[in-house]
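Both of the next two complexes hold chain A, though its partner changes from chain B to chain C.
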Partner chain A sequence: MSEHIVPVSLYIGIFVALLCLTALTTGVAYIDLGAFNTVAALAIAVVKMLLVVLFFMHVKYSGRLIQVFILAGALFLAILITLTLADELTRHWSPTPTGWGMFVPFLSRLF
Partner chain B sequence: MTVHSAHPPGFAHQFEDMEQQREADSLGMWVFLLTEIMFFGGLFATYIIYRALYLPAFEIGSHQLEVRFGALNTAVLIGSSLTMALAIHSAQVGKRRAQVGFLITTMILGAAFLAIKFTFEWHHDYVEHLVPGLGFVIRPEWGAAGQHVPMFFCFYFFMTGLHALHMIIGIGVLTVLTIMAHRGRFTPEYYAPLEVSGLYWHFVDIVWIFLFPLLYLIGGRYMGAGH
Partner chain C sequence: MSTATIDVPEVPTGSRVNYLNAQYGVKSWLFTTDHKRIALLYLVSITLMFFIGGFFAVLMRLHLIEPQGALVQPETYNKLFTMHGVIMVFFFLVPSIPATLGNFLVPLMIGARDLAFPRLNLISWYIYVVGACFTLYAVISGGVDTGWTFYTPYSSSFSHTSVIPTAVGVFITGFSSILTGLNFVVTIHKMRAPGMTWFRLPLFIWAIYATSIIFILGTPVIAITLFLLALERLLHIGIFDPAIGGDPILFQHLFWFYSHPAVYIMILPGMGVMSELVTCFSRKRIFGYSFVAFSSLSIAIISFLVWGHHMFVTGQSIYAGLIFSVLSFLVAIPSAVKVFNWTATLYKGSISYDAPMLYALGFIGLFTMGGLTGLFLASLATDVHLNGTYFIVAHFHYIMVGGAVMAYLGGIHFWWPKITGRLYPDGWARFAALVIFVGFNLTFFPQFMLGYLGMPRRYAVYPAEFQVFNVMSSAGASILGIGYLIPLIYLTWSMRYGPAAGPNPWGAKGLEWTTPSPPPTENFEEIPVVTEDAYDYAESTVNRG
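Let's look at the complex of A and B:
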């Protein structure tokens, strides 16, 4: 929260920009761009999120402490998604041993 | 609690000044919102993985949704974020009646979102047999991928349901705020309940900003409804 008072005209401007971006992302979904469709949809969503966070949520005018906390949150979200995908998307690269049979080589050596 | 006569209303004595109190209020709310981000983040990560595993089924599922309702609801929610921001602005410049007006408009827009979601979308899905567990019918034209389409709808109902729950809680919070604003509890010096509730409302808006493309748009819309 800050002493800074955002003028109403700026709020209206952000609102209009968000509506335009909603129309844009809806329109782009009907054009075949291949893999770029997903990229475009998510990129527009990120831009919309930034507009809401910076202006509606006043983060542009907030203190550094709040800004650092938010960046830390974004970092942990990135870790959550990236590491989960890094596991999930690379599993087929090596054969996965299944069942208790995977322990047989070790156990037969022990006994 | 002793309140010195020189203190502005709403000022808690453990803070140096109002500016420090304001920052502490917002920081506390942001920490809560970060836990919410991780909460929804887990759902989003799961959605991304299952979408990658069963892409054809997720595209078929996405095609059953009506983009016009999703886009309309996005516009309604963005409008409610604007009126929420304007309600806080009214408090900052000391306009009491405008605060109440903007808060009520925000509630109406929030209720409109839920009405569109429940009556035009969820009810329609129920009639079309698209609700897993409530008579879901796998259609023959979906082919081999059809058996995994209920999985898309599990994600759809769980994610939009959780979002709707946040909206309902938000409307409850707004009701209290409207009463407080009507009683003149907010001044240009002290409007922390409005500010932190605004942060929550905008956060719920942001969740929808991501749900809309993920559920409605990236399902190969360009291939046409016949897909």
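Let's look at the complex of A and C:
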């Protein structure tokens, strides 16, 4: 539980980095990357989140137990997203039933 | 209740000053940081909410005596079941055992003087009260009619009732849960007495620890979900409404990601209470300590993987449904481990039928029924028939009322002498336990049959052929209501007039029974050193007194 002393210069450095990444997000928004628009925005957001968690929230200097709890939070967020996508991405796999009409071509061949 | 003083020979003279009489006055309660006093603040608040929520249930059951409805307009009926659900789930069941018994017992059981963050503990109660006030305001300002699940797009686009105040109330109260969970996790990790290793902890602590993990990991998601709901309702941002680019099933995913684990928030602490009751009143060690301990943790983890079983028929992909069905069956394993281990603990035990034990035995039977009917609902095909019927209503009331509330009452009766230093009339307590058991089954067993026969839930009217079962259910509800009032009366009576309890009236094991009743403010004269395993009933005979 010992307090880790972090130099102020590091905090300022992280703050500047966060500002730069915010500017980058804004800049990227003006470039059309197609399917990668969201990917790019999320990737920058994750980097910013890591900087805040590791340095501002002192997780980099904390004990193992705290790091395990932080990772558990990330793991459960991953579960939320994965299982929700398991629904979202497979919803259109099954053909939509169109009533008895779907049997008409099949039946008309028989008779 | 602060005026209950203990001045009887059973209490050692040195410990007459206890947490109840150390200070007097309203301020000494409202600004206390003593975990025991905060537990009592919670106890009073959730009891009030329980009876408000119960009042709505009584009105509902009275209404359903006649097929065309006997009491209220259909719109009012919709509000009754919504407010019953919201109040009972978020303001009674979720905080019930953790915030009262958990707050009182966690430091006492692990041999600590208080929780790790006493002021955080107090603020969590204030947050709870503020949240409850918002929700009660919603009740007074016309009520809300979305059902406790707030399903979109009805809640976001169509309902003209007080959705936002209710959601704000639930949102705020969530922070109270998070702070309570955080406090417990840190306390259990950092403040155990010397010799109190993880595998010497009472199983109640393991259960509270598992519950705290769900509090911390799950509650933020419901807060975000309700926030998004409010955003869409107020600013028409397309999140859940398909007309503006949203996805209504996304709401259900986010909602149930918290609200299914929330079911385990309700039942896991009850399971912890059960392990204490079954061992004490059968005078035996728990059968398979580590299995029971780890089953709590595995229930907490698996509970986050099963939420889609609420959505089999609401438009979720069938493939996701398959996965969720299989995962849901997995929860049955640790739950069954617990039930079998309690039963094995009873085997060849020296069983006594005191009031807390009656609740515990009731729990085993009712929880088993509630759990097994859950398997019907986890199966994709039977769920198509049973979903949205009274079968569901009966199933989750067997878990939440037959399980969680029975365990809560069992726990309150077990630790009441420790909390107040007074004994309650045992005959009345046993009688009330029986009344509750009978009333509960008469209320909810007919609902299984109603649901199987196809009566949908949440309807203000029903076909005449269902009337017999509905009248049985309403009759049971009135018995159940009286069953809940009896303990309210004799427990309140006992605070002033009950005979004084010794430090250990049940002859139970555990650190909380080694300190006087009621405990002194600092819990222990000296921090105890633990040298034996939990539930060490076999080696020594503990005298009651």
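The rule is short, and it goes like this: the second predicted complex is superposed on the first by the 92 of 111 C-alpha atoms of A that agree within 3 Å, B and C clash if a C-alpha of one lies under 4 Å from a C-alpha of the other, contacts with A are read in each partner's own complex, and residues count from 1 in each chain.
To be clear about the criterion, a residue touches a chain if its C-beta (ideal position, glycine included) is under 8 Å from a C-beta of that chain, and two chains touch if they have at least 3 such contacts.
No experiment lies behind these values; they were computed from the predicted model shown.
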item: Contacts of A:93 with chain B and chain C, given as first, second, both or neither; value: second
item: Chain B versus chain C as contact partner of A:24, first or second or both or neither; value: neither
item: Contacts of A:70 with chain B and chain C, given as first, second, both or neither; value: first
item: Residue contacts on chain A - larger count, chain B or chain C; value: B
item: Touched partner set for A:54, first chain B, second chain C, both or neither; value: neither
item: Which superposed partner A:84 touches (first chain B, second chain C, both, neither); value: both
item: Contact residues common to both interfaces of chain A (with chain B and with chain C); value: 65, 69, 72-73, 76, 80, 84, 88-89
item: Of chain A, residues touching chain B in the complex; value: 1-3, 5-6, 8, 11-12, 14-15, 18-19, 22-23, 25-26, 29-33, 37-38, 41-42, 44-45, 48-49, 52-53, 55-58, 62-63, 65-66, 69-70, 72-73, 76-77, 80-81, 84-85, 88-89
item: Of chain A, residues touching chain C in the complex; value: 65, 69, 72-73, 76, 79-80, 83-84, 86-91, 93-94
item: Touching residues (chain side chain B, partner chain A) in the complex; value: 19, 22-23, 25-27, 30-31, 33-34, 37-38, 41-42, 44-45, 48-49, 52, 67, 71, 74-75, 78-79, 81-82, 84-86, 89, 92-93, 192, 195, 198-199, 202-203, 205-206, 209-210, 212-214, 216-218, 220-223
item: Residues of chain C that touch chain A when the two form their complex; value: 185, 189, 213, 216-218, 221, 247, 249-250, 253-254, 257, 304-305, 307-308, 311, 315-320, 323-324
